[in-house]
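Below: the structure, in structure tokens.
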């Protein structure tokens, strides 16, 4: 147990310190990579709340990344070019607040529909709703449509400066740690127990008197908000957002991270995101066709890891 | 609204609906019988388009190319069943989704390596390339009529296969009771492979038919697969009749929405607001319809009776 | 004695099959009321309608004077109706104690408590241990349910219903699949509950039913053909003809 805590502490320290050190030594590339890693890991942690702890297989979580990023880009766009005075701002609190608000509303509305159904219906409907957001942004010419929207000004906060890549990275890393801690707290709470019970045997939970729909919806909304938050950071990092970032292949990659890292664990999403980023970097330097080995790897893991990837899912009651 | 334009858009909607049905029918067959979720079905649609494009250039004739491509995609479907799908039948849906997602990455990248990143346009033979006069004021591209006819023939063939042949009877029996079919001494594995091959041929056919209009391109499969999901969700997963009617419904709504929603909006809002909001709403229309239907009928419009 | 549960003219059909056909039943407060009948008589369908998993086509179910016919399933335990399952249905990934804790929590208002670590809830844990002791599972408290024996799982099923502090227990074949020794443990447990709880018991084991039940209702093709105390049922001609004769 002591050893495990030590290793976990080491991972967190490495995620925070190594990129800063490399940057200091003149390799800013790794800082950017680590920033992207932290942002993806936040989204994976958010997805893990419903996929891992709640057993809800959402194939549409990239949509929340998009919503969060557009919630930064659209106010900045109007601040610069006029129109939509109500939201035209570069104020980070407003932009991030908007990101959380929009993603919670979208999660609430779509959750009301997709949580009524189970299994494969749920997978397909979450996909379809994400695709709806994708086509929505393609259709809005003012925000760049297909070509995407350049975010000319990053979010402005007092004391921190998002234009400074070191500060932005530090914010992303600290946010990641905070979100990991948050989801860990939730998973250990009474709500988390109920969620685990629903994942284990929903029918029994209903028969015991739990309104399981409401609990799942709450988890779904929290999960969406975390991914929306991640999207707002993503917008600040890339200073660009396009519908392509909402594409359902992105949702698939998020799922891959969560499952490869280990669902329903605190560190799983982070480890999955690290693996994904490394794979992507290494494979894409070897070949522009890196999706081929990546796809083969995915198939291989599903087929040959005993019982498939879902066997890697520890049961909710297993103690760490 | 212009009457001529309306009829043409109606035909376009019909065409989209029929293509959607060709893709969705394979999905719903496979899901209904095998309880298997195949995300990679859209990639077969894309491969159909590319293979047909290459063969058109090799043979110099689109129609011959199409006829030769059909058995090729059927074989691809058969191979896919043996290599990817079969080891995953006993697993849960999450594994199906991830395994076939991996398969998409592989197939899409292979297509990228073989045919390059740009789309390929397919030239039509002169007989199909012209216009046909349907009525005094209505002239439509001949090829669109050909797509609709070919699609309807394929749909009718599928209907005949499923409802009036011994194989179809086994398919239907397999959908409701797999153990029983096995107990009858039928080689159920061969039946499954056959179903995959048929599904692949239908999806491939849809890709081949649309390619002369839109080009064969890398992303085409991944876009249509979600719409095909919407179709089978609305129709009721596993229901052939539901897939057909839902495909026509979705095809019509999508096409007519994009064509006429701004005109409709202009009736009750200012034209600038209408011009801005209509594209946004029409791009979401099929998903909103799906949401509406699911809210009242979570199992879709025509859920299959036997599960 | 007053009727805690009254079911009146209940109908439920699946396709052309009448699983419940004009069923009328009264369960008095404090009694152990067994429902017996041949396979396919519709006993589990009845339990499902009482617990709200399935809604009847027509007829009424009232509990303690409240019409619950169309009340959603998750609301009924809050009135005091709890069920067990013929095929064991527990949260296999959790320990015995965690299962019981969830059952206890279900009655204590909502569980939208996101913050306080669950492990610190000592009062609930203590209560859960008490229920584990009642079904003789104290020594197995920390074991994951998946690793329990079948008999232990069946006893936990009953304990879960008890832990929800119900006024009416719907027990769907608690003896199903048990060996003779495990069955006798279960019968001892049910004997201890008798008189303290109102129980509707569905069971195939006739010896157990005739030992335990205060009253017995006999169900054939979704219809109650006779209700009475064990002696009356033994002597009832219709029952012998329709049911016991075949056994």
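A, B and C are the chain letters, set down in written order, and residue numbers restart from 1 in every chain.
By definition in this document, a residue touches a chain if its C-beta (ideal position, glycine included) is under 8 Å from a C-beta of that chain, and two chains touch if they have at least 3 such contacts.
Bear in mind that the values here come from a model prediction, so they are computed numbers and not experimental data.
Engineer: Ignoring chain C, what connected groups of chains are left?
Structural biologist: Remove chain C in thought and everything remains one piece.
Engineer: Taking each chain's centre as the mean of its C-alpha atoms, give the chain farthest from chain B.
Structural biologist: The chain lying farthest from chain B is C.
Engineer: Counting only Cα atoms for the centres, state how far chain A is from chain B in Å.
Structural biologist: Centre-to-centre distance between chain A and chain B: 31 Å.
Engineer: Would you kindly tell me how far, in whole Å, the mean C-alpha position of chain C lies from that of chain A?
Structural biologist: Going by mean C-alpha positions, chain A sits 43 Å from chain C.
Engineer: How many Å are there between the centre of chain B and the centre of chain C, using C-alpha atoms for each centre?
Structural biologist: 49
Engineer: Using the touch definition from the top, list the residues of chain A that touch chain B in their complex.
Structural biologist: Touching chain B from chain A are residues 57, 59, 110, 112-114, 116-117, 119-121, 123-125, 127-129, 131-132, 135-136, 138-142, 247-249, 252, 255-256, 259, 289, 291-292, 294-299, 302-303, 307-310.
Engineer: State the interface residues of chain A toward chain C in the complex, per the touch definition above.
Structural biologist: The touching residues are 185-186, 188-194, 196-197, 199-201, 203-212, 215, 218, 315-318.
Engineer: Chain A touches which residues of chain C in the complex?
Structural biologist: Of all residues in chain C, those touching chain A are 51, 53, 73-78, 82-83, 85, 89-95, 98, 101-103, 105-107, 111-119, 121, 144, 146, 160, 164.
Engineer: Quick one: in the complex, what on chain B touches chain A?
Structural biologist: Of all residues in chain B, those touching chain A are 31, 37, 84, 87-88, 91-95, 97-99, 101-106, 108-110, 112-113, 222, 226, 229-230, 232-233, 237, 276, 279-280, 282-284, 287-288, 290-291, 294-295, 298-299.
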